[in-house]
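Beneath this line is the structure, given in structure tokens, with notes to follow.
Per-chain numbering from 1; labels A, B and C assigned in written order.
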Amino acid sequence: MIQLEAIDLSKSFGTRRIFENVSFSTGIGESLAITGPNGSGKSTMIHILTGLGRASSGTVQYSGDRGKLAFEQYHDRMSVVTPYHELYDALTAFENIVFYTRMSGREVSREDMDEAVKSVGLTGRGNDAVGSYSSGMKQRLKYALARLRQPEILLLDEPTAYLDASGKELILEYLKSLKNSALMVIATNEREEADFADRVCQLGG
Amino acid sequence: MLKLLIFPAMALVIVMAFVLPSPMNPQISLGPVDAYRIFYFHVPAAWVAALSFVVGMFQSISYLRTKDADYDRKALAANRLGIVFATIFAKMTWGEFWNWSEIREVSLFILLLIYGGYFALRSALNDDDVRASFSAVMTIIFTVSALFLIFVLPRIYPAFSQHPSDTIVDNQGKMSLSPMVAIVFGLSMVTYTALYFWLYDITIRVDRYIYKLKSER
Amino acid sequence: MPTVSVSWAGKITTVFRKEMLSEFRTRYAFNAIIMFSLVTLTVVSFSLGINRPGPEVMAALFWIILFFAAASGLAQVFVKEEESHTAGFLRLYAPATAVLIGKIIFNLFLLICMTVLLVPLYIILLDTIPQNFILFTIGLLLGIIGLAGSTTIIAAIVSRASIKGALFAVLSFPVLLPLLVAAIEITLVSFTGGDFAAAGSALQLLLAYDVVMLTLSIMLFDFVWQL
């Protein structure tokens, strides 16, 4: 069972302090919402939690049954959905999916891809270039990809960004279904999403 | 306090450089006799510039291993001093010793290119961590490349395959320094090195202090 | 459920194929490199006119054209990722070394395309035929392997910086100098019809350079990528 523990995190960019002394812990089956006004560092926090960003001070630690986990060990069990990272516009949805699942070390079958694409409401668009997608569709595709990775850790930055009403519904359904089997951290401004989580960490006061 | 010895030592070197007969060996070199006195000053400058390069490499490796920002400061200090001394060396030699090997000019030019590239890279990166890591990586790549160059350059200038110092090296490639010249030269080398490390130390401490001031604000 | 596992070679191939697919559809780097080498070649040919300088100059010119064409298009492979914001998922989901090697191979492919175009044109326009064609080809091959192997990581470094284009050339030049010197010598020997023995030490140097720089790139890449 994967646990996440953040102790005394602070982040500054040069001399500009974003947040300081933030601590929390969460695990599988628990979900944490990170809230705060614009500029309070929610996205930065998610970036730090992925393991790619570094906090100015404090520690972030993922641990499993057998002790601490390093990035190389947990990143294949982690999915991230954020408006800041894009998929490849020149490739089709299927090509993107195949690429990323192979890079995680797995071959994905056509049926699984069809299923994933269907589950986010993109049926029939699998062979279209992602560049032709709207932002809402791109966001849905990111979820399709996230889902295929069967993540134990799910980090979400503005989970329903760009989504229309039906998209939002779909995604919230998906998140509900994962609630008990994954460690979820959601950075959001939206009330609805924050309420969805078990616990809240407020940044920026 | 021993550092203060640098001043009288350097003064001594300067005086002796002019008092002693010029170290030029008239059988080998051409050019104005007195100009060769610069030998006491520019060889140590080159030595220090090269030393700096090596120091920078080790600090860069240490930074990548530990991610301790202090090593980045040290690498930066080494590169700054390196470019300063390399420039001093450049100023002293270009135009002075037209018969000295092009190999020295080329090496110097490349060294300056490398330092220039290093600072260009640093100024183009804003994130502290990224800047420190990338500079360290680049320094290591440069150093390995420079090592290859040391083997490569003698090939394109085959007439100067040894480190040429035609004032003190005779036709058989043996060094022939009169004892006084050797002593003063040695003293100059030591003094330059001491001066280098003193400047290095000060630069790092100033950087640390500035960083502390900034983060307390 | 996905169960079949993908090997290291498989991952590298996946990256390579993704680059090929992407490049085939957009042709950014390819166009840049081809255009640049053609333009440079034309300028050189035009300015030389009927003068035919000696083989030393011709050999050097050849590699200068190659270097600048490389500088114009090889950084693309990482710069495009940063600029289109696709680097994020790549860092999160893909293993660093596979990404690097896949992209190095792609850059190598670009360089091969370029040389296939450049060499015949060079021979025709500049009236220079390598007497020892095998030596010429081997020197060329080792040279472009070194080019790709040592500059791809620099492309990764430059992709996060602000003045990318010029910076890539500035940083690559000192790094590539040993390669250029050795490659020019081999090319020179091949132009004048020398045998392998004559170019022996340059060949050794170039081979050593290729191996060392490639290894160094792989070792250092993690520090560049995972940030």
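Descriptive notes on the structure:
In this section, contacts are C-beta pairs under 8 Å (C-beta built on N, C-alpha and C of every residue); 3 or more make two chains touch, one makes a residue touch a chain.
Keep in mind that what you see is a predicted model, and the values were worked out from it rather than measured.
Centrality by C-alpha centroid: the chain sitting nearest the overall protein C-alpha mean is C.
By number of C-beta pairs in contact, A-C leads over the other of A-B and A-C. Of all the chains, the one whose CA centre sits at the greatest distance from that of chain B is A. Per-chain Cα centroids separate chain B from chain C by 32 Å. With centres taken as mean Cα positions, chain B sits 50 Å from chain A.
A straight line joining the Cα centres of chain A and chain C is 37 Å long. Multi-chain contact residues of chain A, defined as those touching 2 or more other chains: 54.
For chain C, residues touching at least two other chains, in rising order: 227.
Chain contacts: chain B has residues 127, 129 touching two or more partner chains. Residue ranges of chain C in contact with chain A, taken from their complex: 1-6, 10-11, 14-15, 18, 21-22, 25-26, 84-89, 91-95, 98, 226-227.
Residue ranges on chain B touching chain C, taken from their complex, read 64, 110, 113-114, 116-117, 120-121, 124-127, 129-130, 133-134, 136-138, 140-142, 144-146, 148-149, 151-153, 155-156. Interface of chain C with chain B (complex): residues 150, 153-154, 157, 160-163, 167, 170-171, 173-178, 181-182, 185, 201-202, 205, 208-209, 212-213, 216-217, 220, 223-224, 227. The touching residues of chain B, counted against chain A in their complex, run 127-129, 214-215, 217.
Contact residues of chain A toward chain C in the complex are 50, 52, 54, 71-72, 75-76, 78, 80, 82, 84-91, 95, 99-109, 112, 129, 148-149.
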